[in-house]
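After the structure tokens below, expect a handful of questions from me.
To keep things simple, chains are lettered A, B, C and D as they appear, and every chain counts its residues starting from 1.
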């Protein structure tokens, strides 16, 4: 038991990230409301980024902004995950914008945010 | 000749630059630029293919000053140039053949953005097929997702907007899973470049360390890309997506975009996990089962559909099932059949969408009941539809026959799966014949009413050019299958060995 | 310091779950912004200042603005539709 | 009388209130596109009812998804417990790759901020793709929301009201310049400290949005029009692609580039990183403002 708790403590960030990832995933997949889906997507993505960032952290080290002549890699945390996450954040904000624009268009036409309702209406709809 | 290896970089960068420039050009110029770009890319990869064949070795191309554990890289042997050459040609022909529909379906003033999206899709296809770095793959997957969503929703109907939001949501689920898989891989290996990852994974697998993390990440990456490609339980966005988009987009989305993800998955299997680890992990069996179910379910759904465009879209779902089934069969003949089927599908599906739209225009709708005798009214479109339907069924001399034959051969590569594979092949061929022939027979049944106006060749010249080119490619690859198969075989060996 | 981290993590999970289950869209949006700010603080603690700045500007800033504007737009559309319905009936 | 208490107003945002399902699809305003498009081919299956299989699937779907979610949590939970511990120095993620980024990063790229060096020099292809994701997104939003006719301003009563709000105007005129200045600073010193093109651009974009809130679209036209938006972001993107093409090409063929790392920790150093940060910043700031403007008004500027 103690062993398990130690493990849990060692990977606390990963555990939190996984819980958030699953919450976001289920919201994105399950929730009927489009706005909620979008928020779920954002939570899923940020949870993945949290996991990635936590991989780069090393205790008692400095942030990866090199100070003076001190270029000893053993003094800084890992800069690669931060770079990847930076890229990822841009991607998720772009996708969020597209999804929101699509939501506005759908709402203008169907006056609903519920995907199932919209789907039913679209099937009933005549012609265009 | 040495300069040829720079061509993928130039092609990708040119696509990105053109996509930016297209947004400010007049619409006609944007269209010409996009067509010219597709042609150029096709020629560039044709040259690269010739270079690859003459040098008989794969090339690792360093992007920038830093070699592989540090910087980005491209990797290409003979398979990638072949696929990209075909993809760029198909895109060119789709845009050419669907041109008249584009003018009807797209709002004036926004047409140039269509070409922006096409160029972005092409750039992401190049990057996905050539990259040697998994994270670059992730970024370009996202470009491809957003751009293909743009191709879909630019026809501004209620249905397409709805279809694009569903498509986008499923794509994002897929890329989220893929990203998580990458992160787990990074956590246990510390690498992102394919050769280093593969080496690290090999060592870890042998030592048995982090076994569960490796297995989970294999599952996540495969499932993520399979969701994006449209494997069975995740295929139901397909009919709306492909069926309601403007025909050129339907062709591009079903023929090329999903193939980009699938080919990237193939590269990940071969160059990151390694075929041994992947086929030992058991994920391949899941792929086989889902693929086989997908083939049957897709065919059954297609047979129940009366709207021809949606029927073709469901048939895409079943073709994708074939491809994943091949992945599940075996890393040699199975994958070979799958790659050939990628080509088949890319060359056969777009003309089906184009000719269906062309026939629907003369017949007054896409419901097959309206299509009575329409084959006489527009002979070329009828002929194209019929020929491509025959190719989908698998009549000799067409590409479809070769890929079915290769799947049959591949079945004997995996003794446990001979019977199920053959049953699936037989059932789906029967269903294919049933639903395609039903439409074709209707096309050529003389209508009882008065003859309507006929569409002549010169009224649809761009479509005629595209259709004839597609048919020539189809028959050409079908007749000369032997060298193509050898080429793919060789390319797969290069892909695996040049780590 | 570690306990502060764990506290933040706990809050993060609570925010993440509650933003997904809240019925009210505005409330869930505000919670989402709190989530983004917490995330940004965590990244600052993890010695990734670039990410902290970016997440504060993007997650809590731009995404928030876009979501708010979307909600406002949706409400305007709904009101217009309601007015139309009242006029018709 | 309509109650306007806080809670009552909050109720206005309830998720269910957005679903006006009593209306049928028939009598809805198809104000989806400003101009009706020429439509030749009616979409065929008009009264296509869901097949039985589809309906069964609809019912099973929530259950399936929930099961899937639970299974996923359990699997991932078991997996991450096996991950290397948080914060340890000997994790597999800290290997020779990182060592070079940190050890020779300043000498090779000239950037003091190792993250900037990684994303704009070592792994620049990713970042090139990333800015094109943003570009694809703004193009998609343009397709969806751009209103091409000159819509009357009366569409937007909120903006006019706010134009007269003195508190907002005064506050914004004090704060917005500071925000924009900070964004520009952030953009220009991306190679020296935390920040860079993306975060700086987002901050500048937020400043522009604040200005637009306060002063309304009319006065914003002096700063940003559709023309400036297009020219600035497209030339920045082209500059980005061309310069990276040049540096990739030189790197791959072992040629000497005209960009040198310079003296680290100077403002004019780090070769291409500073110009690239500026280009990314321009793209991002205009894109962010453009997104806001499209969402709010259906046009840019």
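Following the convention adopted for this analysis, a contact is a pair of C-beta atoms (placed from the backbone, for glycine too) under 8 Å apart; a residue touches a chain by one contact, two chains touch by 3 or more.
Quick caveat, the model's predicted, so the values are computed rather than measured.
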| item | value |
| --- | --- |
| A-B against A-C, pair bridged by the larger set of C-beta contacts | A-C |
| Distance between chain centroids, defined by C-alpha means - chain B, chain D (Å) | 28 |
| Inter-chain centre distance, chain A versus chain C - centres from mean C-alpha coordinates, in Å | 12 |
| Chain centre separation (chain C, chain D; CA means) in Å | 15 |
| Shared interface positions of chain A, touching two or more other chains | 12-13, 19, 21, 24-26, 29, 33, 35-36, 51, 54-57, 61, 63-65, 80-82, 84, 86-87, 89-91, 93-95, 97-98, 100, 102-105, 107-111, 113, 122, 125, 128 |
| Residues within chain D bordering two or more other chains | 15, 18, 20, 23, 30, 32, 39, 42-43, 48, 76, 79, 83, 91, 93-94, 97-98, 101, 113, 115, 123, 126, 130, 133, 136-137, 140, 144, 193-194, 196, 198, 291, 295 |
| Contacts with 2+ other chains: residues of chain B | 135, 139, 142, 146, 149, 153, 156-159, 161, 180, 186-187 |
| Pairwise chain contacts, counting only pairs that touch as defined | A-B, A-C, A-D, B-D, C-D |
| Contact footprint of chain A on chain D as seen in their complex | 15, 18-21, 23-26, 28, 30-32, 39, 42-43, 46-50, 58, 62, 65-66, 68-69, 72-73, 76-77, 79-81, 83, 85-89, 91, 93-94, 97-99, 101-107, 112-115, 117-119, 123, 126-127, 130-131, 133-134, 136-138, 140-141, 144-145, 192-194, 196, 198, 264, 284, 291, 294-295 |
| Chain C residues within the chain D interface of the complex | 23-27, 48-50, 52-54, 57-58, 61-62, 65-66, 69-75, 78, 81-82, 84-85 |
| Partner chain C, residues of chain A touching it in the complex | 12-13, 16, 19-20, 23-24, 26-27, 31, 33, 35-36, 38-40, 42-43, 46-47, 49-50, 53-54, 56-57, 61-65, 77, 81-82, 85-86, 89-90, 93, 96-97, 100, 103-104, 107-108, 111, 113 |
| Interface residues, chain A side, partner chain D - complex | 7-8, 10-15, 17-19, 21-22, 25-26, 29-30, 33, 35-36, 51, 54-59, 61, 63-66, 71-74, 76, 78-84, 86-87, 89-91, 93-95, 97-98, 100-102, 104-105, 107-114, 116-117, 121-128 |
| Sites on chain A touched by chain B in the complex | 21, 24-25, 28-29, 34, 37, 41, 44-45, 48, 51-52, 55, 80-81, 84, 87-88, 91, 94-95, 98-99, 102-103, 105-106, 109-110, 115, 118-119, 122, 125, 128 |
